[in-house]
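One chain, chain A, links the two complexes that follow: it is found with chain B in the first and with chain C in the second.
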Partner chain A sequence: MTATSQSTNHAVNRPVHEQTRTAQASGSVHRVQRMRGPDRASKRKWGLEFGHWWWALPGIALVFAVHYMATGIGGFFAFTNWSGIGSFEVVGWKNFEAIFNDPTKIRSLGNTLFFAFGSVLLGNIMGLLLALALNRVVKTRYALRTLFFMPVVLSPLATAYIWKFIFDYEGPINVLLNAIGAGHLAKPWLADPQWAVWTVLVVLTWSSTGFAMVIFMAGLTSVPVEVEEAAAIDGANLLQRFHHVTLPALRPAVAIAMTLGIVQGLRVFDPIMALTGGGPAGATETLATEVYKQAFALGNFGGGAALALVLAVIILFFAVIQQRLTRSNPED
Partner chain B sequence: MFRYTKLTLLREIGLWTLALVFLAPFYFLITTALKSNTEMYTTSPLALPQSADFSAFVAVLTATGNSNVLGGLLNSVIITGGSIVLLIAMGSLTGYVIARSTRRWSKAAYYLFLIAIILPGQLGAVPLYMGARSIGLTGSAWGMIILYTGMLLPVSIFLYANFFRGLGTAYEEAATIDGATRFQVFARIVFPMMAPATGTVTIFAGLIVWNDFFTSLIFLGGSDNQTLPVAMYYYIGSLVSEWNSIFAIVIVSMIPILALFLFAQKRFIQGFAGGLKG
Partner chain C sequence: MTQHRRPAGLKLAVLALPTIAALTLVGCGASSDATGGQTQEFSLTFATSNTVESPYEALAKQYMETFPDIKITLNPQPNDSYDQVVRTQLQAGNASDVLVTSPGSASGRSILPLVDAGFLEPLGESAAALVPEGSEELFGPNGEVYGLAPEITVVGLVANDTAITATNTAFPEDFAGLLAQCGPLSEEGKSLFAVAGSASPNTGLLGMQLAATRVYAQDPAWNEKRSAGEVTFADTEGWQRALEAVVLMKDAGCFQGGAEGAGFDGVTKALVSGSSLAAFIPGPSNKQLKSTAEDQDFEVRVLPSEGGPSEDFIYASANYAYSINAASRNKEAATAFLEWLAEPEQTKAFAEIDGALPVTGLEGYDFENSAYKNVAELILENRYAPLPNSEWANASVYDELGSGVQGLLTGQQTPEQVLKAMDAAWDQ
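Up next, the complex of A and B:
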């Protein structure tokens, strides 16, 4: 429902040649909307008649305070040495120099990117395979979809605790490995600096697969059955059909699933805190956990704010890409 | 052309096997939570419990202090419910005015909200904390409700504004001609029609607020007024490997959202497929 109402709105506001394209791509809803041309004229005529402008004031004020003022002030503190209480000095770029000269901070930056890109890549591949497998004729597809989607709605903190047990030295994985005679592979998965990052990646992938799957399933509905059938009749095999018919239609879904996943993945905090707390020896530390520790546990507000600014810039970069892909023309 | 063949049946069986592996964590979650302390330490983690033992649940639900799970549950319900109500009220009013107004500022306001969706929250967390502490909003449910409302308001306004734009103005025009006041138009005509957008806002806000850990850890940390995730974090932090107790609290925290999800799973999934912005 949301999807429809949003995209119809865009279709109304887009130039005509673009409208035709979207209308063809995603069904008849747009065509109906397009014919409601007079809407715009009447909207202009009625204008504010339906509401008072001050109804919007509390919302605007709250958003301004919580988002813009807070971010602005945070940006300012990134250039100070404030400890959270008392006086402070403006120290220029010193906090940033400290970050980029500190190998542990570089490592958490690397981990942040590794987790975000790794989980998105693996989660999207699995999500795509699941969506393709569930597409059409499978009778229980909706039940299966619900099951695979379940981890997405659950608290990442709560599910991470289950995984902590599974990867515990005395947990199911090692017990299973011992049972099948592969005991030499058993290891303290989350306490081994080399393996901890990969173990965390497995958990993050597990949580993100369902989300990618659902976006791909929605994308797959835009692939016309007729075209796929025609290709099959013309002798295209499964792989050719996927490459020439399905994949081109899925391209927008891929873009959305990837960028949204990366933006979410860059903020990863809860599962890390539950699984390793950033350990062993900082091996799984991310920028988000470092920000928390610097600013709230170690009383280094300035340094924490500088780290947050670095993280914010990275997130902003991908978020802008995502916004551009989701709707090239947000308003008019 | 695409008919149900033997291959499809095979595909279906394969998918169910995969689903079982994928959801194996929930097997461990439930079986372990139902084991008694001695049984947990002496039997294999793969084994089923000999008999359902609810002592872990009892221990968890009677914990006190900053890991008061029942208190946390109550706080989470209050904070999530309060935030949803405020987000619907403010989001629909603001979104409505923005969608219907033809003044130039309304377009500027629309972009103000759109950019706020993109703006990452991490940087603002520290100053927000300082600000909230100085006006006494930290450590209270009210403060959290206002905070979450502010954080999620841009998405909510965005969803409503787009919804109202697609709605058309015919009904409102008719009501105005019949002599309804502006508020009557909103309350009697617009409000009942916006149910789909309200559903989406409720699901997103409910999920995000209920599951949020980072914000409530910062703003409620150290107080006795925890939300469930923070209470869970502290409670588990005090246990070493008493997995039955850990899993009892994990289950308690999952039940409400899981019940809601299974009840309205179609709406959940459609909402996500439409693209979660931010």
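Up next, the complex of A and C:
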């Protein structure tokens, strides 16, 4: 028996955790596996993985108990007629049938999608323009970046109340309109059936623009200055350089900003609740505000849970798309 | 070996510490339960929505002063989230011993659904004696009483009489006169009424007040018929006329500019400034408004009916009640507190603090020197009924009315659509 084989046998007879430690100490698990054959390697691999998994167990248990179990129980109530107190009966798909047979709930679903996609589209366009404008050259760009990012940091509820004051019938916009002799244009912006949705969209866009701007600014750092300069030397104008050099480099940033924005936009609640409460007469109602009203204000917890489940499925759909679009390795 | 034992010891310690802590806590709880008999301490949860003195708090403090060995832990909750908080606490088993509830089934704090879920304790004779006539079914099923009514709340208009006098006109006596007065006031930049169009509870009150003479004065049993399925909102002429009246009032310029988007703050501001003469708010608000504008006189009035003063009809009922949590461990102390509250001195004090009418002794009440002098005749002649929504099937019906009236103000909906939505909510 050679010295090498003796050493190998000795290694095999050692406990798995010691082997693991040895493998880690040597710096490469694969190298150790190659040395000791496939069966033993798989045992060691299992032992190694088991060790890591064990340490994650408390965290996993906590996440399941606090998050998934609570969500699962909430999902169960979607199939009941529970009012929030007392006993309940399982009613099957009745709550879901009620949702899809109720025009007001369908309108809420439409509003939810409109606000999510509208705010993402406008927010991304504005964010991209701001990112391009504040990327280089401008001397005050650092101060301006902070200023434009601030809406993301501020409390959505607090800023919504400020917007509510601005759009109030006796607020600054109408005061200004009256002052310049355009009093006929003054209106209760948040209670006007035609204008309320657009007014809410303005606020949502304002609050999401800073987030998109930051993502695009991060993306712009990956655009090589040399390529831009080369394109300029080749005679490409500003628009052509943006279209053929900057935008292709920004594609991953666009995917992230769009999908994250949609997921955020679908679940938006506090600004709408503070601005309009879903009014006038349900014109700005979304699934999130409906969930709150049904479950907590109107004592229809089962119906509210069903609405929440519908909203969760929609968000999940877009979250999966986001995961697919943003994963770096296609083989993941 | 030492290296192996140390983590094992640590693991044991990590597991043992929380276990010991949990056992200690359980032990403490068990000990508390074991001693757990009746104590001289209990808790009281009530809703609060402004800085004006709460009668619930004031009476509780007075009780503690009268009986120094008793301690009441006060749990004031914001009115906006009160229903949700109380229901969650009752469901979780950690609600206060005494709660403020509402008679009927219209809201999250209503007595009937809470009794149905087994959360409230039946009360005795002293509470039963305070149940206003005609409201018995709102205080509990099968003749039992689960709430102690501390006051009578009149729900009509609260008018700024100082501002009315300043317009050199008298408050209209019938609905036609009301519509006629709206135009000229509007031209002066004022309005007869201030409405919080974005606040469902306020637009709902507007709709219900218009239904007082058109529906409930003519058919006091309308709610029972609706429950039995004999009538519907959409098929009842009185309800149709009530909601058509909202559109008539809007077209006549009876509401302030931007009423459809206004909140309660806008109503307060309009009333106090005198730019609006009256609002559809509960009577006790007169005291809160008076505290804001001491130089002005706020009176409770009735919304003029189509037939004039002889047909006027108003809502008056006990809108809130004290109830005892069925899971309370301090029922004896809580019951003693409610017995004390039911005494005439306390009901009188409660009404005075809140700016409401006392639940007993209305015959001898000095209406002339109160904010209720304009509705004294209606109260004394029994021309009033409880707020109708307290008997409605669920909270969604009133929500549909409130949201629908806002839709009438904005032109989004027709009276027929609103009434059909109310029927659908009732039957859900």
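Everything below uses one rule, namely that the second predicted complex is superposed on the first by the 269 of 332 C-alpha atoms of A that agree within 3 Å, B and C clash if a C-alpha of one lies under 4 Å from a C-alpha of the other, contacts with A are read in each partner's own complex, and residues count from 1 in each chain.
The rule is simple: contacts are C-beta pairs under 8 Å (C-beta built on N, C-alpha and C of every residue); 3 or more make two chains touch, one makes a residue touch a chain.
Note that the structure is a prediction, hence the values are computed from the model and not measured.
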> Who wins on chain A residues touched, chain B or chain C?
Replying inline: B
>> On the A-aligned overlay, A:282 touches which partner chain: chain B = first, chain C = second, or both, or neither?
In response: second
>> I'd like to know which partner A:163 touches here: chain B for first, chain C for second, both or neither.
In response: first
> In the superposed arrangement, which partner chain does A:81 touch: chain B (first), chain C (second), both, or neither?
Replying inline: neither
>> Once chain A of both complexes is superposed, is A:193 in touch with chain B (first), chain C (second), both, or neither?
In response: second
> Of the two partner chains, chain B (first) and chain C (second), which one does A:149 touch, if any: first, second, both, or neither?
Replying inline: first
> What is the contact status of A:211 with respect to chain B (first) and chain C (second): first, second, both, or neither?
Replying inline: first
> Overlap of the chain B and chain C footprints on chain A, residue-wise?
Replying inline: 84, 168, 170, 296
> In their shared complex, at which residues does chain B touch chain A?
Replying inline: 1-4, 8, 11-12, 14-16, 18-19, 22-23, 25-26, 28-29, 32, 44-46, 90-91, 93-94, 96-98, 100-103, 105-107, 109-114, 116, 118-120, 122-131, 146-147, 149-151, 153-154, 157, 159, 162-163, 165-169, 172-173, 176, 182, 185-186, 190, 196-197, 199-200, 207, 210-211, 213-214, 217-218, 221, 229, 232-233, 236, 241, 243, 246-247, 250, 253-254, 257-258, 261-262, 265, 268-277
> Can you list the chain C residues touching chain A in their complex?
Replying inline: 83-84, 87, 90-91, 108, 113-114, 116-119, 197-198, 200, 257-258, 260-262, 266, 394-396, 399, 403-404, 406-407, 409-413, 428
>> Residue numbers of chain A touching chain C in their complex, please.
In response: 83-87, 98, 168-170, 187-193, 276-277, 279-283, 293, 296-300
> Where on chain A is chain B touching in the complex?
Replying inline: 1-6, 8-9, 12, 33, 36, 39, 42-44, 46-53, 55-56, 58-60, 62-71, 73-75, 77-78, 84, 130, 133-134, 136-140, 144-150, 152-159, 161-163, 165-166, 168, 170-172, 175-176, 206, 209, 211, 214-215, 217-218, 225, 229, 232, 256, 260, 267, 269-270, 273-274, 288, 291-292, 295-296, 301, 304-305, 308-309, 311-312, 315-316, 319-320, 323, 326, 330-331
